[in-house]
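Listed below are the structures to be examined.
Across the two complexes that follow, chain A remains constant while its partner is chain B and subsequently chain C.
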Partner chain A sequence: MIPLIVAFPLAAAFLTSILPALRRERFSKHLFLIGMLSPWLILPQIINNLPSNEVVGNWSRVSGIEVAVDAYNIPFIVAELILSAFVALYVWGYYPRKIENKAYVLILLLHSGLLGAFISRDLFNYYIYMEIASVASFALVGISKEKGARRAAFKYTVFSLLASYIFILGIGIIYLKTGYLNLALIKENLEMSREINVALALSFTSLLLKSGIFPLYFWLPDAHSKADAPVSALLSGLVVKAPAYGMILLTLTFPINTSMQKPLLTLAFLSMFFGIAMAILQKNSERLLAYHTVSQMGYVLLGISLLNPLAAAYYALAHSLFKGGLFLSVGSLAEHYGTRDLEKLSYRNNKSLMLAIVLLSLAIGGVSPFIGAFGKAMLIENLKGFLKYAFYAGGIGTLVSFTKLNYYLSKRGEKIEIPRRKEAISLSLAILTLLGGIYLHPHLSVFKDSISLVIAIFIFYLLRKLGVFEVSFKAFTPEQFKTLGKEINAYMVLFTAVLLLFLFNFL
Partner chain B sequence: MKMSLIVRTTTKLISPFLVAYSAYLMLYGHLSPGGGFQAGVILAVSIILLITSHGYNRVRKTFKFWEVQLIEGISGGFLVLLATAGVVFGGFFYNFLRGGELGSLISGGIIPLFNIGVALKVGAAFTFMFYILLRWVERD
Partner chain C sequence: MINPEIAGIIIILIGLYGLMTKENLIKIVLSINVVSIGLVLFFIGTGYIEGGDVPIMPREKVVDPLPATLMLTTLVVDVAITSLALALILKMRREEE
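So, the complex of A and B:
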């Protein structure tokens, strides 16, 4: 029963792709929507039989491919289904007729690839589905009408494929040493050795690149900010979660010792603060949100490095809901203003978008009772001493950055019309983060939240008086390199350095 | 982009044999070395040979762009639907057509069907990729 949630969107993708040949392109919208929403039919049955596992084709475990749904991946699947349903409604009629069919097929492939990666319990099968999702997302970034989108897509392709090759080398070493690709069988037959450690270092580094963690984040702000609003929502909300799920699978299968935990923990905190610092300096609305993805993936990695995969999974769920909502709502504003410059955008004339953006900003800042607070409450359980305060500081930093976003958006701007449907989608995602938070973790900590909000607003005014927001920040932008080749070489050296660091640390 | 008469005649002679070989690999993939992917590549090679010798504009008239697109999509959909049909009999990708003596052609159940689907998908996809690249090259 479980593989059907992948089969339906995949079949819909193939059927949509033949419509132009039959000259029935006008039906591609309908087929697309059916494909995107069909996995919902199977979800109730899966949730009723939780946890369940199945080997495809009723083969034995040794020769078949295992898929499973349990407590660790149900948050990912639910997040995928919710956000992709909203994006499907948003994309309906969004693309111009000429590329409409292609965009629908690509989004369907992305959808089925992500679902396939989230249910798989077999390293190679996981890799294949993650690749389907990545390849679809390269193309989706490339078809954006934004200037520089193709350059961003090319950079994304090069680095993502590099990470894939390194990852499959890691899988190959694991297969060579244990004789299995199935994670349950690997766990039974595992004998730790130097080779396994090398494999773990290779796979962790490549998955860190694919999920955009701090030193390896360089492709992410470009790719996520140049894409169209619904595609950015999918990329930021879901595509970076697939490698995070891979890391969860690895930590559940292999014994991770402290020497492996430490670099991951350090990178998690660095990523959190670096993302916030860069986001505060951005003037482009989409780039601001993209840098917050770097920061929020730090939180997910924090859960993984503390060996608390459940917290990471629920934080990923929370992040995909509010970040998807933010990209959709700010993206609709930016699209109808025709610019992504924060100073020219405004939500003054648009009450429902204003409500949506404020609610989502509170959710990403971890204010209770939103869903972000639930994720943070789960993460903070294992933290002690200094790290606990660093974690609170991260939450306040996020609030500072979103105070800035709301401050600029609340300025007066010219009046524009935004379609009701786009407003309704943004607002319902915002309300969903509130309801989800109340359902999962019904509590209210007024004192703590109001203190952090006050501190955040105070820091925001301090920074504004100091003129930090006026600094034009040219470094770390694609323009600093004259040619794309040089830029890619520079980042390739960085990737090699991180890879060597991990190899020496894990050995 | 036409090559000499000798090349054109030779490729015309070779192409049907390649198709026959590809069909053999498709149908006997479960009994002998071979299988869907290899069969598909050889199927695509038979058309790509014709393209290189006769030129894209000539080949396009016989093997039309939309036909290739149709075969690619339908075979992909066929694979997924065949796998889904197994759910009725016990599981996704379940081999529900088992029968026949061990080593005979029909003993593979749905595996030869999958090989045919994969071969058509791969062959059509390779040809389609060539068509798209050539359309871009010969635009000017």
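So, the complex of A and C:
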């Protein structure tokens, strides 16, 4: 039953791609929607039989490919299904006729690739599905209208591809030492050795790059901010979650000792604060959201490094919903204003988008009873002392940055018409983050939340008075490098350095 | 004697060197391909068993066919991405003009 969840979208992708050859291009919209929504039919059955696992084609475990759904990946699957359903409705009729069919095929491939990665319990199968999703997303960034999107897509392609190769090298070493690719069998036959440690270092570093954790985030702000709004929502909400799921699989299978935990924990906190600091300095609405993805992936990594994969999975679910919603709502505004400059955008004339953005900002700030609060409550259980305060500071920093976003958006602007459908999609995602939060974690901490909100607004006014938002920040932008080649060389050196660092730490 | 795994890793490192030093975008794509060739060699090496025969008909002692099959999949991904990267380079050139 479980493999069907991937088979339907994959079949729809194939059928949609041959429609132009059959001169039936006008049906691609309908086939696309069927492909995107069909996994919902199987979801109730899967949830009723939780946890379940099966080997595709009823082979034995040794010779087949195992898929499973359990407590650790059901949040990922649910997040994928919810966000991709909303994006499917948003994309319906969004692309111009000339590239419409191709865009639909790519989004279907992305959808099935992600679902395939999330259900997989076999390292190589996981890699293949993650790669299907990645290749589709390279192409989706490449077809964007935005100037510089091709450059961003090329950079994304090169780094993501190199990371995949390093990841397979890691898988190869694991296969060489244990003789299996199936995670359950690896766990049974595992004998830790230096070679396995090398394999873990290689795979963790490459997955960190693919999930955009500091300092390997450099491709992410470009790729996520240059893509079209619905594609950005998919990239930020879901594509970066697939490598996070891979890290969860690794921590569930291999014994992770403190010397491996430490670098991951450090990177998690660095990523959280670096993302927030960069986001506060951005003037481009989409870049601001993209840097928040760097920071929020830090929270997910925090769950992984504290060996609390459930917290990471639920935080990933929360992040998919609110970040997807933010990209869709702010992206709709930006598209109808024809600019991504924060100072020119405004939601004043658009009550439902305003409500959606305010609700989603509260959700990302971790205010209860939104879904973000649930994720944070799960994460904070394992934190002690100084780290706990750092964690609160991260939440306040996020609120500061979103106070800034709402401050700029609430200024008066020209009146524009935004289609009802786009408003409705953004608003329903926002309400879903509220309802999801109430369903998963029904509690209210009015005092704590109001204190953090007041501190955040105070810091925001302080920063504004100090003129931090006027600073034009030239460093860390693609323009500081002479050519794209030089930029790739420089970041490649950085990637190699982090790889070596991890190798020394894990050995 | 050098074994195929070591040779594969050396080729991967050569590819990485190319990625760190070459500015030309086509050369960057080629360096990525060098990395992938090294990877293929590494995997083929992991499947090799001393004195093993081809795993076609049931025999006494055969090499492990799984790594070679996996590498076929990786090569397909490699071809797809190389063409995509080259197409992106073409598009970028056209945008600059």
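Operating definition for what follows: the second predicted complex is superposed on the first by the 507 of 507 C-alpha atoms of A that agree within 3 Å, B and C clash if a C-alpha of one lies under 4 Å from a C-alpha of the other, contacts with A are read in each partner's own complex, and residues count from 1 in each chain.
Note that in this section a residue touches a chain if its C-beta (ideal position, glycine included) is under 8 Å from a C-beta of that chain, and two chains touch if they have at least 3 such contacts.
If you're wondering where the values come from, they're calculated on a predicted model, not measured in any experiment.
Contacts of A:Thr258 after superposition: neither chain B nor chain C is touched.
Judged by the touch definition given at the top, the superposed model places A:Pro20 against chain B, while chain C stays out of reach.
Put simply, more of the residues of chain A are touched by C, taking chain B and chain C as the two choices. When the two complexes are overlaid on their common chain A, residue A:Pro3 makes contact with chain B while staying clear of chain C.
In the overlay built on the shared chain, the residue A:Ala139 is in contact with chain C alone; chain B does not reach it. After overlaying the two complexes on the shared chain, residue contacts for A:Ser60 are found with neither chain B nor chain C. Of the two partner chains, chain C is the only one that A:Ile488 touches; chain B does not reach it.
When both complexes are overlaid on chain A, the residue A:Asn48 reaches neither chain B nor chain C.
Those residues of chain A that touch chain C in the shared complex are 124, 128, 131, 135, 138-139, 142, 147, 150-151, 153-154, 157-158, 161-162, 164-165, 168-169, 172, 175-176, 483-486, 488-489, 492-493, 496.
By the touch criterion stated above, chain A contacts chain B in their complex at residues 1-4, 7, 10-11, 13-15, 17-18, 20-22, 54, 56-58.
Contacts from chain C toward chain A in the complex involve residues 5, 9, 12, 16, 19-25, 28-29, 32, 35-36, 39, 42-43, 46, 66-67, 70, 73-74, 77, 80-81, 84-85, 87-89, 91-92, 95. Chain contact summary for the complex, chain B toward chain A: residues 66-67, 69-70, 72-74, 76-77, 80-81, 83-84, 86-87, 90-95.
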